[in-house]
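In this document, chain identifiers A, B, C and D correspond to the written order of the chains, with residue numbering beginning at 1 in each.
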Amino acid sequence: MMKSLTEEILYKVINKRLNQSHKGTYGRVLIIGGTSQFGGAVIMNTIAAINAGAGLVTVATDPSNFTAIHSHKPEAMVINFNDDLTAYINTSDVILIGSGLGNRVDLVQAVFSAISEKKITIIDGSALTLAAEKHLSWPKGQLILTPHQMEWQRVSGVPIAQQPFEAFNLLARNKFTTKPIIVLKQFHSQIYTDDGIYELPIGGPYQATGGMGDTLAGIIAGFTAQFKTATLSDKVLAAVYIHSAIADELAKTQYVTLPTQISHALPTFMKKYAD
Amino acid sequence: MMKSLTEEILYKVINKRLNQSHKGTYGRVLIIGGTSQFGGAVIMNTIAAINAGAGLVTVATDPSNFTAIHSHKPEAMVINFNDDLTAYINTSDVILIGSGLGNRVDLVQAVFSAISEKKITIIDGSALTLAAEKHLSWPKGQLILTPHQMEWQRVSGVPIAQQPFEAFNLLARNKFTTKPIIVLKQFHSQIYTDDGIYELPIGGPYQATGGMGDTLAGIIAGFTAQFKTATLSDKVLAAVYIHSAIADELAKTQYVTLPTQISHALPTFMKKYAD
Amino acid sequence: MMKSLTEEILYKVINKRLNQSHKGTYGRVLIIGGTSQFGGAVIMNTIAAINAGAGLVTVATDPSNFTAIHSHKPEAMVINFNDDLTAYINTSDVILIGSGLGNRVDLVQAVFSAISEKKITIIDGSALTLAAEKHLSWPKGQLILTPHQMEWQRVSGVPIAQQPFEAFNLLARNKFTTKPIIVLKQFHSQIYTDDGIYELPIGGPYQATGGMGDTLAGIIAGFTAQFKTATLSDKVLAAVYIHSAIADELAKTQYVTLPTQISHALPTFMKKYAD
Amino acid sequence: MMKSLTEEILYKVINKRLNQSHKGTYGRVLIIGGTSQFGGAVIMNTIAAINAGAGLVTVATDPSNFTAIHSHKPEAMVINFNDDLTAYINTSDVILIGSGLGNRVDLVQAVFSAISEKKITIIDGSALTLAAEKHLSWPKGQLILTPHQMEWQRVSGVPIAQQPFEAFNLLARNKFTTKPIIVLKQFHSQIYTDDGIYELPIGGPYQATGGMGDTLAGIIAGFTAQFKTATLSDKVLAAVYIHSAIADELAKTQYVTLPTQISHALPTFMKKYAD
C-alpha cells in the first residue's frame, strides 16, 4: 500500500538541536561529482547540503569548479576528485556521489570500492547510469538511490511501463544485499523504504528545471548527516518532502522555482518544525 | 499595417504548466557565444533563459567564462565552444548564437551548417554582422533575428534611412528561403512576423545600457523553448513585451534598469499571467 | 571663496533621459587598472560606473580579474591591459585610469600618450603617484584628478600643511596646460574647478574603508560619460555629492558603509532627481 | 572567578567614529591562510573583517583563491602567500594567521619569525596545531589564540578533561613570555585575559556549522584593528559577544545560521551600539 507523505514528517525529523553539540555532531558530508562541463551540479548539491544544516561539507570535484563553489559557499572545502579519496571517504559520515559526473566510471568504481559498511551513500545522476551500464558492484553500507524514471529503468532493468511497484521489489530482492532506499523522481515522486512505499502528494511543474534533482540530493545528504534520532528512511522522506514544500511556497509568487532558490529558503523554512 | 503589442500577448503565451511534465518538456536551449572579452554577453543570455523557464540550458563558450557563468547560474551546463558542437546542436530544441562572439566567423559558419530543419535558431549580435559581411549561408529551420538598426542595415543591405518596413520586405523576399522573424531593436522595437508587423509601445531610455539585448535574446530563447501551445511568432512577441514591461516596472523606482535585474524579476513577473 | 555643495547639484545634473536614445548615447567608458593584487579596485570602479548609468563599460585589466569582474557585472566587457589599448582609447568617451595599477608606469605612460584632446580622463590612485614620481607628461584633453591628500602632495609638490587652496593654484598654473578638475579627497572633500572651489559638507567616517575612492572614481566616470547638458564641473560635483549622500543614507542603519553597497544603491537613489 | 559577558561590552567597545579619520585610522589587517583546499576559510575571515569595519584588509593566500575572494569582497587586496610577506607584515597592525592553512608549517614558521613586538597576532586553526606539533616559537607582540578544545589540548599539552581553568594557568605561566588572550571555543566559549576569565552566556547550536570559527577570527581581526579607546581584551570580548549575538538574532527565524550571514549582518547590528 502506497502511503501519502504529509508535513508531519518534518515535525518528526527536524528537532531542536542540543546545546552540547558542535559541527562534528551534524555530520561530515563528502560530495563527489562535477566534471568541468557539469560543475553546476555539485555547486547545487553543496548549497543545498550546507543550507540544510550539514556540519561539514567537502566537495571532491574537478578543480575548475573550486572558484565557483567558493563564490557560492565559502563554507565548503574542496578537493580534486582525481586525488585518492580514500581518507576523505573514511572520515565522512555520508557520501553523495554522481551529480554531474559525466562518464567518469573509473571514479565511481574507485569510490564504490572504498566505501565501508558504516557509511551512508547517496547515489545520484550519472553514477546510477554508469553503475548500471558497467555492472559495477554497489558500495557496502546503507544506500540511497535517487533515479529519474529512465535512470531507474537502467538500474533495475525493468521497463518504465511496468514501474514502479513491482520493479522495485524485483530489483531490491535480486540486486542488492541490503535494500536501498529508492527515491524515484517523477511527478509525485515515490520513495521505497523498508517501512513501506511513500508517495509525495505535493510539488508541481514549476520545479521542472535543470538542477532540481541535484538540489534534492544535497538536501538528502544534509538531512541524513545531521539528524540523530530519526530513522534513515524518515530522514530521506523529510528531505523529499521539504524540497517540494518549499517549491510550493515559492510557486505562490513565481512561475518557475529555481533550484538555488529552494536551497536559500531552507534555513528559514526549517525553523518552524524545530520549535 | 503596424499593430501595437499589448499585455494581452503575455496572457496568451504564458500558460499554467501541466502537472505531467519534466524539465525536458520545457526545452533544451544551446547558447553559443562569449569570447573571453565578451563573456558577459552569454552570462546575460543564460541568466535570462533560465529565469524565463527554459528546461535545460547549455552554454558553449570560451572556457575562461565557465566559472563566472556558474557563479551566476549553477543551473547551466557549459562546454568549450571550440569543441565539435554537432551533438549538442542535434539534441537542442533552440539555439541562440551570436552574443559576444567577436570575430569568430569560423564558429558561426560551422554552427549554421550543422543546424537542421527541425531547429529554431536565434541569431544575435556579432553572428548577424559576421553572417552579413562574410555572406554566410543562413541555417535551415526557423530563424529569429535580433538586430540593432545598424546590424539590420548590414544584414539587409538596405540603408537605415529607408527602414524599417520596406527593408524587411525586400530582405525577406530575396535572402531567406523561410521568412525569419525579425526583432528590430530600437526605440519602440518592431517585430516582423508572418502574422504581421508589430510595434512595442512600452519600454524606455532607462534600458539604454550594455547587455540589454543579450538579456532579450535569452528571454526569447527561454520562451521559444518552453511554451507549447503558442505560435513561434507569439512566443517572440511575448518575450519582447515582457522584457520592456519589467523594465517599465523597475523604472518606477530606478534611474537605470540593469539587464540582470530584468532577468531576476522574471519568475515573479511571469506568475500573474499563468493563473 | 569656498562654496558649499548642496543637493541642488543632483537636480541640476541628473535629467530625465530622452526617449530617442540608445546605449551609445550614455557614453563609452574605458577603465584601466587592477593588477592581480589590486584587482578589487577595478571591480569597484566597474560596479559604480555601470550602476551610475554609463552606456557601455570596458575594463582593461590583468586577465586574472576577468572572472571576478563578470561575477559582479556581466554588463562589463574586459580586455587584457597588456594589449595595445589605442583602439579602445580612441573609441571611448571617458577613460578612468589608475585604480589598483600598482607600479605599472609603462602602462600609465603608454595610455597617457595615446589619449587625444577630445577625451575626458579621470586619473586615480597609483596613476597619480606614478605620474608624479616619474614626471610623466599628462594626457591631452580634459583631466579630472582624484587624489588623496598624500597623492596630491606628490602630484603638486606642495606639502599637505600648506594645502589646499594655495597648492592648487600653484600647481594648476604651472603644471597643466588645461586646468584639471581636482577632487581632493579628505574629510569634507574639496573640488577645484574653473567655476570655483567647492566643499562637500556631507559624508562621514563610516566611509573610511578600503575601496571607497575606487567607487567614487567609477561614479565620476559614469556621470561624466552619461549626462549631456551639464558642464563637466557640475557632473563631477554631482558624482562627489551623490557618493556621500548615499553613504549618509546607509549610515542611518549601518556602522560602516561598504563601497559596493553605495554602488548598489545608485539606480534607486538617482531616481528622484530625474523626475 | 568566571565573569559572564553581557551586551554592555558592545556599548563599551563600539564607539562613534571620529570625523577626522580615514581608512588608515581603522587599521591594516593582514590575513594569512587558505590553501587551495581550504580557501573558503580565508574568504570567511575576509568577509567578517571587512564588514566588521577594518580599514584595509590584505589576504595572503593561495592564488587559486583570488577570484573567489574578489567575487565576495572586491574591497580586499590579495597576495600570494608564497611570496616574502615581511613587508606586508611590517605595514600591518593586526595579523590573522591560520584559517585553512593545512600543513603549511614553513609558512607559519616564517610568519611567526617576522612578526615584531608592535604587532597584534591572532592565531587560528591549523596554525595552532602546527605550532604545537612542531614546537614553533610563538611570535613576539600581543597574541590572541582562538583554539577549539582539541586544538587547545594540543597547544597547552593539558588534557581536555582537566580544562579549562587550570590548563590555561599552566600554559600561560610556562609557555608564553607575554600572556596571550585565549578564546577557548566551545558551548559557552571562555575567554582568558589579563583582566580575568569570561564566559559567553549566549549563542547556540544553530552555529554548529563549518566556517563559524573562521568568521569569528575575522571579526576579532576587524575589531582589534579598528577600535582605539578600548583595551585589547575588551575588543576581543566584544568580537566574541557580537558573533553569537547576531547568531541568536538570526536564529529567531532560521534553523541554522550560516557564517557568511553573520558577517553580512555586522554593519547593521553594530549600528545601535555606536549611537
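Just so we're on the same page, a residue touches a chain if its C-beta (ideal position, glycine included) is under 8 Å from a C-beta of that chain, and two chains touch if they have at least 3 such contacts.
What you see is a predicted model; the values in this text were computed from it and never measured.
K.L.:
Please flag the chain sitting at the greatest distance from chain A, going by CA centroids.
P.N.:
Of all chains, C has its centre farthest from that of chain A.
K.L.:
Degrees of rotation, nearest 5, to put the Cα trace of chain B on chain C?
P.N.:
When the C-alpha atoms are superposed, chain B turns by 90 degrees onto chain C.
K.L.:
Do the two copies chain A and chain D share over half of their interface residue numbers, or under half; same or different?
P.N.:
Counting which numbers both chains contribute, under half are shared, so the two copies meet through different residues.
K.L.:
Distance-wise, how many Å sit between the C-alpha centres of chain C and chain D, to the nearest whole number?
P.N.:
Distance between chain centres, rounded to whole Å: 35 Å.
K.L.:
CA centre of chain B versus CA centre of chain D: separation in Å?
P.N.:
Centres of chain B and chain D (C-alpha means) sit 49 Å apart.
K.L.:
Can you pull out the residues of chain D that are in contact with at least two other chains?
P.N.:
67, 71
K.L.:
Let me make sure I understand the interfaces: which chain pairs count as touching?
P.N.:
Between chains, contact exists in these pairs: A-B, A-D, B-C, C-D.
K.L.:
Considering the complex alone, what residue numbers of chain A touch chain D?
P.N.:
14, 17-23, 25-26, 50-51, 53-57, 63, 66-67, 70-71, 73-79, 266-268, 270-271, 273-274
K.L.:
Along chain B, where are the residues that touch chain C in the complex?
P.N.:
36-41, 43-44, 47, 64-65, 67-68, 71-72, 148, 186-187, 204-206, 208-212, 253-260
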